[in-house]
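Taking it in order: structure first as structure tokens, then the write-up.
Note that the chains are named A, B, C and D in the order they appear, and that numbering of residues resets to 1 at the start of each chain.
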């Protein structure tokens, strides 16, 4: 029971960037911020991870793109976005004025796409940093294959590293045999952090219509049901690399977020929960703060040593 | 758009499986016909996502709003058991709304099943502006047709698939039959069609009104994630001249919609949902 | 709407074995049958997959071993069992008398364990067949590593194949980059079928006690939340191999089971749902039967061609 | 053991956060003190697993059974809102039961918190057999202590951690204090201890009774999967001479338990749960 004057310092440092608190919003679940500005004060966010940006515009996948799953949801949005130029014109002006760190989520089909997109954004839309989505399960020849091979991961990270001094956060897929291997490859390539997890490959079938619910047959599973998978990933990745780990997957409550911090995450992201309760980030930050106070945790790294004996 | 917790005033069955939910509206915003809200049904992980429902009415004086919903799955089942005095978790109003008819077009409102809510709201709104719409209400069978005061105030034509009430057939064929038997449609400068209902109904209506060159406004449904334009989950396929250059784009039902001009919709793919 | 005289034939053939219906109970969730005999008539089961049997007895993992997760549960039982000799003495006499197909779930730490156990059981406890658990996430040096390397999988299956003519069903882990690769290796080794999925690696943390809930830190996630993951696996595996696929993971209802059959499963297993409602298998079988009637499906393979156009 | 859907007769608060649930028992089986049942709380995926509760009473004539439960998490919260007339989903009776005391040992019943239910049942049962037990009931504070008729019939000693009711301290120290101040314990041939409560309480009791060589019967708790012995999830660590040869085994609370002789328990690991 910490004393009442004690003020935890919950800032998070990733590479050259400081987030005012560990609670961010996950890529693809918060658009470009403006969508939620009427519902919550964006300055309370530690970071905003944008919807994926690709070099060229993408219409995204056919309909339907979303279905509720037991304890979660499946999506198959398919990187629908305006492309790097559209992003610079339509989204950047608003994003650059936001009182929170904006991390641009990058996606592509091959190494060159990632490099070109990053170069273009470095020049025309300098923001807080980049989260590199090597793991989206919903695009054809896309990031998925790239994100599962450690050698390719190291290569693409090295290439991106050459092109920016800003924080590079590599987003890891849970759909691999050994996520720590990909995390180590990211670290070796020069990443400032890794974030995990992206969605799990999943599928649902409409037995009345006799076809898969999603147009793309399989999609990405997110929401509370994947919480244990994300926690196990963060726990293992944290012990495999020295760079910070950003934890996400299924966080609905402060308790879930604190579990991620105890498992070793330096920051967390809230995804699907934004849909359910746009104020989830506020509640979660409050709960983290109170937990820190109650346990006299001075900083986020104090969370990492709280668990005994693991 | 606001996020707040209004109180249930009334939650009663108005026809088999159909409920009208009336609740307080402690927000400054004023919902318009065609707009919708989302409800977080229960503080549970299943049903997880908020559920969208169109406004079926709004009372400016009493500051009360209402929706009409069909009990179909887990969320609406839970909702149907909630009682006056209980709190709702609402985000709204969301989306665009139905435009007024151009020129002197007579509004034709076509409602199929759960689509009735927004049509009733729109009809009431037209009445307030002294516009007298024609209301077509279709259902599978009589039991799904409510009995409302509104039908006294608005010229209402009911149809059922099985002929147990009103015209025997779909609301669209009821409309066509009306036109054939009522020459007076020549006298009005034209019709403007507003519809909400199952996609096959709306597509049939769209095809028919395109032939007549009547403006058509259709309220689309898609499963929603965020309902505020952030996730790109709730899209319908629409014709476009702008990039991406395929001649189509995906428009968000929650933001660019739920109301779309009929002629912009690419039906082949939009059928996916129903 | 099939005519009312129409009687679907729901028998399932795997190798030399015929199950009277496609609804089995999953390994580890139904003990050795006797535990449930007071609650349901065991003759209604298509198959009973026993708790894992290892060569030597194993006490299993420390406490706690179970925790509820959002939309599922985590377990870390750790192959607690009497060992092959104990199985023969204490479990076989009852199992051999059961009016359902009994499939013995085999587990071990290395190839030799599997072979020796199988040999011993072939001689002393001939039952319906074997399900080879190469995928248990809760044992130290155990099946997990073995189950993730296609070459090792093919090797172990070949070795087992030499030792039995009975059905060999290889149980696949979802915790791999490409489950179809492991399925193909199983087929190449001579397996009669594959079953998927085993549990997902997951973890939960008790933020009050500040330690992982499970004694083994991570455990296996099962229950409704993993349904989409299992379905995607079965759908993909079915299209990668010619041998039958047994589908499981998250099945709670008839609709879930039918989704598996439509995805390509020839039979299904009910796991966690037995804990929640011991009559789940009965309801599920009834629903499958009615669906088959309603859609005039004469046999299980008719389910596989029902989905259009996938 | 049976799986059936009895009806709630009564579901009332008997102390802060404690409820007594009485329901019909339309089964031929007769639950014994120490045995438990499992409840499927709601047809939802969360809470998912059935929840175990010990019987707090059984009326052979009326065929009614009861449990006493503490509202702690999702399942017990939902349960506490259920009303008379609603159906329960029950599997039971499960597990073993408390044995009768050997020789003329006087039974000492020690209940901590949610452990009170089975102790009350056991006390009633002893009374029926003309055995007069001593009942120790411990709680954190007065608010958690119910006021029951039973306390008139059985010699009951209440203790609270904060001293707001009865003895100030734990139920175990209350018991010890009783022994120190009541020489008559010399006169009975000995005591036999029965307990249900938090693990630290039961461990303390076990240590104490081992020194006195009093038989001790402890009702253990573990999170359950199947509750019928199939999953090996609910184990406690016990001393054994049989293989596996480590000198220990894991015994299933749902099958070999929930009642274990105190001296067989290996406490270091069993603490894990609480």
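Here is the rule we go by: a contact is a pair of C-beta atoms (placed from the backbone, for glycine too) under 8 Å apart; a residue touches a chain by one contact, two chains touch by 3 or more.
Bear in mind the structure is a predicted one, so any value in this text is a computation, not a measurement.
Colleague: Report which of A-B and B-C is connected by more C-beta pairs in contact.
Modeller: A-B
Colleague: Using mean CA coordinates as chain centres, what's the chain C-chain D distance in Å?
Modeller: 36
Colleague: Quick check: how many Å separate the C-alpha centres of chain A and chain C?
Modeller: Spacing between the chain centres: roughly 34 Å.
Colleague: Can you check how far apart chain B and chain C are, centre to centre, with Cα atoms defining each centre and the answer in Å?
Modeller: Each chain reduced to its C-alpha mean, chain B and chain C end up 46 Å apart.
Colleague: In chain A, what residues contact two or more other chains?
Modeller: Within chain A, the residues that touch at least two other chains are 70-72, 224-225, 252.
Colleague: Send over the residues of chain D in touch with two or more other chains.
Modeller: Correct list: 45-46.
Colleague: Chain adjacency by touch: line, ring, star, complete or other shape?
Modeller: complete
Colleague: Residues of chain B touching chain D in their complex?
Modeller: 44-46
Colleague: Chain B touches which residues of chain C in the complex?
Modeller: Residues 70-71.
Colleague: Provide the residue numbers of chain A that touch chain B in the complex, in ascending order.
Modeller: 28-31, 35-36, 38-39, 51, 57-60, 62-68, 70-73, 75, 77, 80, 86, 215, 223-225, 252, 272, 274-279
Colleague: Could you pull out which chain A residues touch chain C in their complex?
Modeller: Answer in residue numbers: 69-72, 74, 148, 175-177, 200-205, 207, 210-212, 217-218, 221, 224-229, 231-232, 235-236, 250, 252, 255, 258-259, 262-263, 291, 295, 306-308, 310.
Colleague: Under the touch definition given earlier, write down the residues of chain D that touch chain C in their complex.
Modeller: Residue positions touching the partner: 1-3, 40, 45-50, 89, 91, 222-237, 243-244, 246, 248-250, 255, 269-270, 272-273.
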